[in-house]
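What follows is a set of structures for review.
There are two complexes below, and they share chain A, which is joined by chain B in the first and by chain C in the second.
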Partner chain A sequence: MKYHQVNKSVNRVDAYEKVTGKAKFAADLSFPDMLYAKVLRSRYPHAKINKIEIKRALTFPEVKALLTATDIPNNEFGVIIQNQQVLAKEYVYYIGDGIAVVAAETEEAAERALELIEVDYKELPGIYDPEEASKEKALRVHPELKDNQVIHHLLRKGNVNDGFTKSDIILEREYSTQFIEHSYIEPEAIVAVPYDDNHLITIYGSIQNPFSCQNAVASVLMVSLNKVRIIQNHIGGSFGGKDEVMSAMAARASVLALKTKRPIKMVNSRYESILESYKRHPYKMKYKIGASREGKLLGMEIQCIADSGAYACQTPFVTWRSVVQATGPYSLSNVKTDTYGYYTNNVYTGAMRGYGTPQTIFAQESLMDELAGELNMNPAEIRLKNIYHNNSITASGQKLDNHEVSLEEVIEKAAKESGYYKKYELYKNNKSKPGDIKRGIGMAISFRGCSLGAEAVDAAGAIVAIQKDGSILISSGLAENGQGLKTVLSQIAAEELGVDMKRVIYQELDTSISPDSGSTVASRGTILGGNAIKEAVVKLKSMLLEMMAKKYKMRKDYIIIQDDYLIDRKTEKKLLSFEETVSLAYQEGLCLSAFGWYKAPDISWNEETGQGRPYFTYVYGCQIAEVEVDTGTGKVDLLKMTAAHDVGRAINPACLKGQIYGGVMMGMGYGLMEELETDKGYIKNANFDEYLIPTIKDMPEINPIIVENPDPNGPFGAKSIGEPTLEIGAAAIANAVAQATGKRIRHLPLNLERVLLGYSLSKGGRKK
Partner chain B sequence: MIDYDFLSASGLEEALNYLYKLNQVKVIAGGTDILVNIHNKSKRLPEISYLLDISNIGTLNFIRQVDHYVEIGPLVTHSGLMHEPLVKEKLPLLSCAAHYIGSTQIRNRGTIGGNICNASPAADLLPPLIALRAEVELTYRKGKRVLSLEEFLAGPYKTKIQINELLTKIRIPLPGDGYYTDFQKIGRRKALSISRLNLAVVVKIDEENIFRDARIVPGSATPYPQSLPGVERAVNGQSIHKINIEEIGRIMSEEVVSVTGIRWSTPYKKPVISTLVQRALKEVIKEKSKNE
Partner chain C sequence: MNKTKVTFKVNRKQVFLEVGPKERLIDTLRNQLKLTGTKEGCGIGECGACTVILNGEAVHSCLILTGQLEGSEVLTVEGLEIKGKPDPLQQAFIDCNAVQCGFCTPGMLMSAKALLMHNPHPTREEIKTALEGNLCRCTGYEQIIEAIESVAK
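Up next is the complex of A and B:
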């Protein structure tokens, strides 16, 4: 099929305003009479609050209001389990807990007033290791709960012991991963405006999920949803990170705005952002795998323990995705998987690009290489022997029968482009080569369920409004988070309608106008949002064609819209321009706006067995890393990453490559240098001088390979790209480093010390 | 928040007068260290009432050759060291080290004077400057004095500068014929990276291919950069063909540990500083062989 608008690298619709600096971010906004607010955060990771003395702070010049927990109508919120405090009431559970918030005429005055608040704490012992937290007699983080367990998911298939009995080889390995900061370039920012346009409160902000923010603020204020309006601003990165932390900020700003009857602005510094915001879950993973001599996998037993930190946040869903995908894309008759989340007094953990898979993929893909090593097989060969194909049955019993299972294709394409087989042989005999500098090549693969799966309701809506001059406004309930959704949905709308994309303007998400479509997460923007837009356009197109059929006394299906004209399909004669057609429809009193709604295909999940159809479709990817390791210093140089991803259909190949470049860079940070270090709940590197992310100079050569196997459930066949690009990189790098050095590192990140010594060092001493 | 008044001097005399008359004055040039310290309320920052900006004093920004010395003004930026032909040609060690500092933005603002006076254990310019036997000229209202840089440094983030003094010149004797230099740096990433370890080596190789006058100065290895006489002695007098470089590495790491004691970072730094000195010597030998 020939496309006119999609499958093309058109410019991003928001590029001009962003590159010229015209785009307004939340911190740029200003309203008359606006106040500035700042938060006082805990001094201890775990403490009882005996008393908060606010008198001195309240009398500080320019201070207009000060809130503590008792001023918050409903102090606890959360998307899944409502136990996150807007402001700490009796206890602080982690170092980032807010205790009070001050609004003043200037940011400086608000900050100074914070120093005058006296908090009388009783410091309490805390629990900082999720394994410790899992023990029966462990101190409870939330005393009102019976234990520290946030969640336990399981998956059972076949009999894992039978599988191990039949195995010629069994490996048992332990892997672990670290806390990761999202490092969005724009720290959190909100402006809350009270009593605006019939709403009790209107919130502008750097918000990834406007609807979850709306829900949280309405629940905190104890008002109906229609009184709370969220208008999303341009967003300077989110990566899953601007959800609960933004809800807390929005709730605090809203209560202050209503109390002072003035707009409230809150902007976090980087330090505040790293201190308070949730992180990627650290995992401790135990993997046991059994295989035949020929490398056929016969059984896998997996246990993953996630550190949830102080609050439940997204832990129940993050660990659910882990339980579904923990085996990786390998056919196995016998699987036993358990994933757990436990409360600790560490910084809380939540959604981050990848959402419970970068951890398990690091373990499972390292393990596959270890197994290949034991069996003296090529890592690609052992994968090809075990991967899913069309009609394979997954660990959760799902038959992959409704889309192309393209693992073999992505592996072969990435292998070919990277010269994998040749290089693997070349680097094999590193030991005998002179010098400290060694090269290695390593691969990792994944399958990933698109969209939410059995986590939650999975549906999205869109509005398409053709104006009487033929220009078009579209809006969607899913949010532009910098990934390019505005552009991609505009392309889809134009393609379906048969007109030029320049006619389309995408409106900012406004919860009072846009249909609640859930969160823009799980790499679901294009597949869900695109289908909803298409649905709305199909309705409008059908209405226009019907009108034309009547006018020209033709059959409706003989008319098409193409290149901005209504055309007689048989004679290819232009009947009427799109503008004239629209004008005619307007004259006839036809409705030129339509609502589209797309509900994802049915899925199922049995919590008791971990069996079902957890996702309605999947994407497949393979990344191959080539590294150079300085074995004298432990320095790893990622030379090249070849990344092959099946996306169904590339709506915008340029945007898609951008996703791959960004995902590879984040995967590289995860693999080589990023680690939020904590010491008994204190965060040791709460700024970018010590929390290191890759710079442009560290960027390797990246070769993105777009693989297209259109999915019947995707708009023009499109599926997902955001998260798959990040989840496999660290595993591929670890495998390449293992080849280069001959030593396997089972803990992330692979920093200088781990690569040289096999363990990490920090001011507290030796770590795993 | 830290309160202070901001003073700007347009000439050296004015700056020296401020330093003489006022108390709790902190000098600022590029600001790449001090602004961060002020922002973070760093414990390293002394009590300050004034920030004295010297960045407009044109007479403190120069690079020139005077007899057998290169003289560098304290306001010369790291970018200046990288690009100035005189430095590139006569003191390649220094322009090479300047290359590794921070990022383009930091190199455009940060100065050699600031790098010296901040006296960070991880400063990238200090090991090469010490190895080059640099001297610093300190000026006060009524006079000036000259110290060797090694003598000037007094501890981590500490120097012997007096409150009424300003660093006005860095004077580097030109290494004579037969001198070779090398700089090594290990960081956690390729830019904006504080040295995990660095190392400057300056050494003469005479006509008989014997090492003479070795100066070996590691950074981020000892509480503040200093030359290591033990390893220097071990190198001096050895033939470049017969030297046991691994042995030098061992002596180097042991000397470093004898200075620092066993610290949390020792398991990493001990083997790696040995690797770095071996690499530097190999580079120097390679360079010498190329010249033959």
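Up next is the complex of A and C:
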């Protein structure tokens, strides 16, 4: 099929605003009479608050309002479990808990007022290790709960002991991963405007998920949803990170705005951002694997423990994705998986690009290489022997029968492009070579369920409105977070309608107008949002074609819209231009606005067995890393990353490559350098001088390979790309480093000390 | 607080301002002059989002005190477009998909512009060196380099 608007690297529709400084991010907005707010955060990771003395702060003439927990109508919120405090009431559970919030005429005055608030704390012992937290007599983070367990998911298939009995080889290994800071370059920002345009409160902000924010604010204010309006436009990166932290910020700003009857602006510094915002979950993972002498997998037993930190946040869903995908894309008759989340007094953890898979993939793909090593097999060979194919049955019992299972294709393409087999053989004899500099090559693969799966309701809506001059406005309930959604959905709308995408403008998301489409997460923007847009366009197209059929006394299906003309399909004669057709439709009184709604195909999950149909389709990827290690210093250079991803259909190849480049770099940070360091709940590296993310100098050569096997459930066959690009890199790097050094490192990140000494040194740093 | 008077050029226009002793250039630009294209990401000169060109050099505007700028010339992202026409570098960022969330983009552009002012034909390594102080979490930098290379030929 020949496409005119999709499958093309058109320029981003929001690029001009962004390169000229015209794009307004939340911190750039100002309103008349606006106040500035700042938050007082805890001094301890765990303490009882005896008293908060605010009198002195209130003597400041510039201070207009000061809130503590007792001023918040409903102080607890949360998407899954409502136990996150807007402001700490009796206890602080982690170092980022807010205690009071001040609104003043200037930001400086608000900051000075914070210093005059006296909090009388009783410091309490805390619990900082999720394994400790899991013990029966462990100190309870939330004393009202019976224990520290947030969630336990399980998956049972076959009989894992039978599998191990039949095995010629059994390996048991433990792996662990670290806290990761999202490191969006824009720190969180909110402006809350009271009593504007019939709304009690209107909120502008760097909000990834406007509808979850709307829900949280309405619930905190104890008002109906239609009184809370969230307008989201430009956001400076999110990667899963600007959700609950933004809800808390929006709620605080809203209460202040209603109290002072003035707009409230809140902007976090980087230090505040890293201190308060949630992180990627650290995991401790125990894997046991059994295989035959020939490398056929016979059983896998997995236990994963996730550190949820002070609040439940998204832990129940993050660990659910882990339980579904923890075996990797390998056919196994016998699987026993348990994933757990536990409360601790560490910084809380939530959604971050990958969402519970980068951890398990690091473990499971490291383990595949360890097994290959024990069996003296090539790592690619052992994978090819066990991967899913069409009609394979997954660990959760799902038959992969509705799309192309392209694992073999992505492996072979990545292997060919990277020269994997040759290099693997070449670097095998590292030990015998002189000098400290050694090279290695390693691969990792994944399958990833698209969209939310059985986590939650999975549907999205869109509105397409053709204006009377033939220009088009589209909107959907999904948000542009920088990934390119506005562009991709504009392309999809134009392609389906048969017009040039220059006609299309994607409007900002406004919860009072846009249909609630859930969250823009789980790499669901293109597949869900695209299907919803298509649905709306199909309705409008049908209406226009019907009108034309009547006018020209032709059959409706003999007319098509192509290149901005309505065309007689048989004679290829142009009947009318798109503008003329639209003008006619207006004169006829037709409604040229349509609503599209797409509900994902049915899925199922049995919590008791971990069996079902957790996702309606999957994407597949393979990344191959080539590294050079200085075994004298422990320095790892990632030379090259080859990344092959089956995305169904590339709607915009340039944007898609952008996702791959960015995901590979984030995966590299995860694998080699990033670690949010905590010491008994205190965060030690709270700015970019100590929390290091990859710079342009750290870049490897990246070779993106786009694989297209159109999916029947995707718009023009398109599926997902955001998260797959990030989830496998660290595992591939770890495997390459293991080949280079001959030593296996089972803990992320693979920084200098771990590569050189085999363990991590504490770097010291700031403590507050 | 004691304010001092300072006169300098911003985007080719003379400005006359009164600033406090601790006022940073980024605050002057964003708050007094309403030039919000310059972004603040870390406040300590590590992320480069606040990069502007001061007297021909790329600097972190979060580390510069405005009171010291008497007689200086500042160029911000808003000054790259001339008479509504994007600078070739801006157009290259659009054409090469060098922009995702766009928050680091103004700083990236200013670092790249300063490089090209000194060295119109930089190598890939020289581009990397010039942009080392600009963090981007979205793009993986590749398409940013491609954009700069496309105007540096």
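Throughout what follows, the second predicted complex is superposed on the first by the 762 of 768 C-alpha atoms of A that agree within 3 Å, B and C clash if a C-alpha of one lies under 4 Å from a C-alpha of the other, contacts with A are read in each partner's own complex, and residues count from 1 in each chain.
The criterion applied here is as follows: contacts are C-beta pairs under 8 Å (C-beta built on N, C-alpha and C of every residue); 3 or more make two chains touch, one makes a residue touch a chain.
Here the structure is a predicted model, which is why all the values come from computation and not from measurement.
> Quick check on the superposed pair: does A:237 touch chain B, chain C, both, or neither? Answer first, second, both or neither.
Second partner only.
> With both complexes superposed on chain A, which partner does A:761 reach: first (chain B), second (chain C), both or neither?
first
> Tell me which of chain B and chain C touches more residues of chain A.
C
> Who does A:15 touch here: chain B (first), chain C (second), both, or neither?
second
> Taking the superposition as given, does A:58 touch the first partner, chain B, the second, chain C, both, or neither?
Touch partners of A:58: none, neither chain B nor chain C.
> Who does A:633 touch here: chain B (first), chain C (second), both, or neither?
The answer is first: A:633 touches chain B but not chain C.
> Does the superposition put A:697 against chain B (first), chain C (second), both, or neither?
both
> After superposition on the shared chain, which partner residues are touched by A:111: those of chain B (first), chain C (second), both, or neither?
After superposing on A, A:111 lies in contact with chain B but is clear of chain C.
> Touch check for A:377: first (chain B), second (chain C), both, or neither?
A:377 contacts neither chain B nor chain C.
> According to the stated criteria, A:657 is in contact with first (chain B), second (chain C), both, or neither; which is it?
In the superposition, A:657 touches chain C alone.
> Which parts of chain A are touched by chain B and by chain C alike?
689, 695-697
> Touching chain B in the complex: which residues of chain A?
Touching chain B: residues 108, 111-112, 436, 632-635, 673, 689, 692, 694-698, 751-753, 756-757, 761-766 of chain A.
> Using the touch rule from the top, collect the residues of chain C that touch chain A in their complex.
Listed in rising order, the residues are 30, 35-44, 46-47, 49, 76-78, 80-81, 86, 90, 93-97, 99-106, 109, 128-129, 131-145.
> In the complex of these two chains, what residues of chain A are touching chain C?
9, 11-12, 14-25, 27-28, 182-187, 234-239, 269-271, 481-484, 654-655, 657-658, 660-666, 687-689, 693, 695-697, 699, 702
> Along chain B, where are the residues that touch chain A in the complex?
Listed in rising order, the residues of chain B that touch chain A are 1, 36, 103, 186, 188-194, 196-197, 264-265, 267-268, 271-272, 275-276, 279.
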